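Below is a structure I'd like to ask you about.
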Amino acid sequence: VELAITHFGVGLYGVPYAIAKNKGWFKDAGLDITGFLTSAGGGTTVRNVLASELPYGEVALPAAIAAIQQGLDVKIVHAGVVSLADMVFVTRKDDDSIKTEADLKGKKLGYSSPKSTTDMVTTIMLDKYKLTGQVERKPIGGIGAGLTVLREKGVDMFYVTEPAWSAEKNNYRKAFNAADWLPHVTQTVGVAKSEWIKANGDKLKGLIAARRKGVEFIKSNPDEAAQIVATEYKIPLDQAKAALASVKDVKGDYWSRGDFDKEGMDVMLQGLRLVQAIEPGDFDWKKVVDESALPADLPKSFK
Amino acid sequence: MNDAHAKLRGVKRIYRGVGKQPPTHALGPVDLDLKRGEFLSVVGPSGCGKSTLLDVLAGLARPDEGTIEFEGKLVQGEVPDGIGVVFQEDSSFPWLTVRENAGFALARAGMAPAEIKERVDATLSFMGLASFAESYPVQLSGGMRQRLCIARTLVTRPRLLLLDEPFGALDQQTRLLMGDELLRLWRETGATVLLITHALDEAAMLSDRVAVMSARPGVILDLVETDWPRDRDSRIVSEPSFGAVTARLWSTLRGESMKSMATQ
Amino acid sequence: MKRAAAIRWLLIALLVALLELACSLRWIDPTAIIPPSAMLMGAMKIVLIGEWQRAIVETLTTVAIAVALSSAVGLLLGWALTRAPRLRRAVDPLLASWYAIPTFVFYPLFIVLFGLGRWPLVAIGFLFAVVAMTLSTIQGIERVPRTLLRAAQAMRLTRTQTALRVVLPSAAPWLFAGLKLVVAYAFIGVVAGEFILANEGFGHRIAFAYNNFDNRAMYGAILLLLVFVATLNASLAGWEKRLLRRRGLR
Amino acid sequence: MKFDKLLVLAAILGVWQMTSLLVGVEVLTPPLGTFAKIGRLFADPDFGGHVWETTRAFALALVLSLAIGLLVGLALGADRLAAEVGEPMLTAFYAIPKVTLYPVILLFFGLGFAAKVAFGALHGIIPVALFTMAGVRNVKPGWLRAARAMRLTKLQIARSVLLPAALPELVAGLRVGTALTLLGTLIGEMFASQRGLGYLLLQAMERNDPATITALALLLTIFATSASALLLALERRLDHARVVA
Amino acid sequence: MNDAHAKLRGVKRIYRGVGKQPPTHALGPVDLDLKRGEFLSVVGPSGCGKSTLLDVLAGLARPDEGTIEFEGKLVQGEVPDGIGVVFQEDSSFPWLTVRENAGFALARAGMAPAEIKERVDATLSFMGLASFAESYPVQLSGGMRQRLCIARTLVTRPRLLLLDEPFGALDQQTRLLMGDELLRLWRETGATVLLITHALDEAAMLSDRVAVMSARPGVILDLVETDWPRDRDSRIVSEPSFGAVTARLWSTLRGESMKSMATQ
């Protein structure tokens, strides 16, 4: 069967899975994972998870929250990527006017689209540096479009994510990393269909455990991990290496072993409220999270 | 009337106008019996409803009032089996050759290709189109296209043949030849023929009976019996009684045409 | 005409009722499709929200520009191609195949060429719609009966007069067919473009609803979209029908 | 003839090269670079699998689009009431952003091959139907009257009169339908896939890899153009009437 | 010949065949002078090249050989000013009403609406179409559409009027009326008229001269002068010499039609 993993092959979220598959750890857990279904956009991935034979996948946290709030039958079962380390803010190569966040004053900053993660992240940043209203923000679309607009001087700064950034390293100048001002943000989480969790607790445990081994392997064997990423993602080895190194350089863990980072989740929640993607008011994580399949040795955050 | 091949009773046809136009009462009421095996011609001033009559009789249009029977069955909204129609306007299929056009109905009816070829060749050749068998309709003259449409219908050997001014685009001599061919076919097949024509001598020469229609709305003013023998041909024009028939048609029609041109 | 409309409404009512029933009886997963009544509520809510209203106006304007441009250019292009048979034969295979290009992947290109904002979307809608008009125009012009052209020639009409007074009206039924396609394609192009790329407009709002599993907003928006397209088409259809009726073409 | 085609080809390549120079190779890969990229794509042992995957889904979707589209178009074109009832619904439905139908497609076709095929067919059916309808509707009434007088069945009228009489419109519809079915299949692949050209395209877009994007777009265009040329050749063979006129 | 309004010299027309078809030699060589103000009819078997002759004379098609002059100027690939043509097939514009159709050429030529209306109304009324002025061509009968096409050309008052079987779809009486109207117009306007017809009596009755064409390829076999007074009408048919003219036409044509039907 196939696992639905958001942005597999284009984002680093899927790396632990790639390693687990490559190493045969899914098989050890009694799961026959033949490949990964990818898609762009959170909503689609959640839908794919629900329609899938093995209704489990890793999706963007906002999509998971939205899905559950709208009554879709999924639960968040583990944390995925808990850092924004892969999000790099860049300027034109010859433009060194923006070195720190404060330099953004009076400049034009691009982001992907309203109510997206980049919208939230930049909103929070401007708020943090008291720049709100002094920076012109422009929604642009995908990375291709964004970099084009940056080159054409339509904006002065845009974001790039790994591993694309490692391929573009020489064409733009990195100013800072989103993790610099937001060290804790949970980007993705593992979700599964509730009924399936009940009936297949063991399988889910196996999945989470296999992924966790993948996460640990990246730390312990970065070179071999890069090798595997290069083959599974079909990117040059150098790029894979650079991408893995760049998220490692940023402080804090990038991939969670599975346990939740409540702070990072709350940041995302706050962001969602900021861009009015969810209603303000109390939000009860316990209703959306199911920690039952987390390995026993990992801390539980929502008891 | 037991020998009526087709029966029209109180048939009327009224065309609705577009938008604010008033409706046009085109035809009727018409009562008419077509006897089995007879050759009946219809003459009448231009625009009097002849083509409309043919339409409803063939089942191509429904009458607004009245009924039509063919071989004892009501005709309603569908062309019954056994009727063949030649239209006033050119309706040859431009994407088919002359030969394919002529054999079209037969091929659709599932006749064997060899038999189709035989029938089509025979018909095209007495229609004077044999050497144009592989041409397309656009390559024909107006009169040749009209002959093609006649051929296309004749090959199906209908029991009731409806012809709407089929010789309108033909020169007089060709017309005579065609008329004789038509008479021969009519005798051989025993079909009933209804011919709409504007040539009075043609009507008089070919028919057992001639119906004269009034100006629009067309009703039947007169039904002239000719009493020709079945075994006749165009030489009948030299009969003394021929002149009498045409004269009678002429006198009835003259007034109607004048009326029609004046009021329309 | 009245009858057709009646049947259509009946059919729609039937479908709606069926869907409503299927949804309320839970034959259909409400996370996939919601009952029509909920869609209607969604639509009503949308029209009341200022943000949506702006998006709708934005999108309709973009579509209108795309429709105007593509029908005009398509008409001219189709006409030009019938005048230049050699060029026509050479480019003919390309005309339709152009649709297979996923235009939105070239969004960056459009940004460079047209800047940010509305114009790249107009370009996508235009590219999507112009071919339909071109093809229809070519057909319409080729179907002008030869005898009418001969009549025009015999009346010593100038080229322009022949084009405007004979070819154009004679080809009108085909041009109408093309125009209807243009409307549909312009909507598809613009809304899909907004869906995938843009940050404003109806399409983006639908995308947002889609990604947030906000079925009410999404289906409500789709409902509105249906209404827009249907209204536009209905006004075209009335015109077209009069035109066909006069010619005895049903 | 051949020469004209070469000229057009040269013109396209020229414009492409110029645009590329104008906007920069980072945005639009120039022709040579694209050809090289295509070469590299084909050298990749996995590429054949991707092509096959898309071809498979496309072929099935195409058969569905053309068959259903033609049938619906003929039915609507031949019956005025059906057209008045159905056409506005079809066009309106067609303008829905297909993406939003993804949940519905998932519901009915599940995840995978069938959904891709459905997506492809969804894009293709309606244009084929609309072109067919327009063509059939404008068929000279005299031919239909003749066919009715010959007592042709509805099917025979469709096959022997409507199809040949509306051939140019039909072929145009099929051409547009073919290209759109290909596009639809591709978009279907962008939703949930791990194989196929749509998958490759999605990856390339997300990774900002214009060379691959341009290469894939070119491949698709070549494919659709060949299909289009084939249909045109077929039309020329069948449509004697136009050859003459 | 100084009074020749139009001059044909060695005019030939050959249609290329499609694919492997052989070319069709349709017309010529034809030499013919149309005298200014004369009324000339052309008769000939179906498919002999009459319409083709009209095409090249009007400048609608180029002859493959030979030259045509109209009012002293060569006609080449363009219809000269002063020529009006009525085609054999229906060429009314289906999107215009009868009135708009009739006034079409005048409106294009920039005539004042009031004058157009006056001319059109007059013409429609003597064509018997006055009460159908607001109808569309589909709402007319075959014969009425033909009359419309005649009206559309007559309103322009051409100096050379070319008519291709204009009365083909009309009944005999209407035909006579139209013929008389045509003669009246001809006299009043002094126009030159070339009438293609398949009705020999019509040709004989209306014309100053009648050209008889051979079977395809059509050449002029005979040119019969009638010597009628200019001031004539359909009553001429009762003249004793009328019979002689038709008989002569008839005898020449008979053989040609037979030939044409046999070889085609």
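Read from first to last, the chains carry the letters A, B, C, D and E; within each, the first residue is number 1.
By our rule, a residue touches a chain if its C-beta (ideal position, glycine included) is under 8 Å from a C-beta of that chain, and two chains touch if they have at least 3 such contacts.
Just so we're on the same page, UniProt names per chain: B, E = ATP-binding protein; C = ABC transmembrane type-1 domain-containing protein; D = ABC transporter permease.
No experiment lies behind these values; they were computed from the predicted model shown.
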item	value
Chain labels contacting chain A and also chain D (ABC transporter permease)	C
Remotest chain, chain B (ATP-binding protein) as reference, centres from CA atoms	A
Most extensive contact between chains (C-beta pair count)	C-D
Inter-centroid spacing, chain C versus chain B (ATP-binding protein) (mean Cα positions, whole Å)	47
Centre-to-centre distance between chain E (ATP-binding protein) and chain D (ABC transporter permease) (centres being mean Cα positions), rounded to whole Å	51
Inter-chain centre distance, chain C versus chain D (ABC transporter permease) - centres from mean C-alpha coordinates, in Å	17
For chain D (ABC transporter permease), residues contacting two or more additional chains	24, 27, 102-103, 106, 205, 210, 213, 240, 244-245
Multi-chain contact sites of chain E (ATP-binding protein), meaning residues that touch two or more partners	18, 89-90, 136, 139
Per-residue multi-chain contacts in chain C, two or more chains	31, 108, 112, 196, 210, 246, 248
Chain D (ABC transporter permease) partner contacts - residues on chain C that touch it in the complex	1, 3-5, 7-8, 11-12, 28-29, 31-33, 86-87, 89-102, 105-106, 108-109, 112-113, 131-132, 135-136, 139, 142-143, 146, 173-174, 177, 180-181, 183-184, 187-188, 191-192, 195-196, 203, 206-207, 210, 218, 222, 225-226, 229-230, 233-234, 237, 241, 244, 248-250
Residue numbers on chain B (ATP-binding protein) that touch chain D (ABC transporter permease), as the complex places them	58, 60, 78-79, 81, 83-85, 87, 89-91, 93-97, 104-105, 108, 136, 138-139, 153, 156
Residue ranges of chain C in contact with chain A within the complex	30-31, 107-108, 111-112, 115-116, 196-200, 204, 208, 210-215
Chain A residues touching chain C - in the complex, by the definition given at the top	41-44, 46, 50, 62-63, 66-67, 69-73, 113-115, 138-142, 144-145, 147-149, 152, 154, 277
Touching residues on chain D (ABC transporter permease), where the partner in the complex is chain B (ATP-binding protein)	142-143, 145-146, 148-152, 156, 160-161, 164-165, 167, 238-241, 244-245
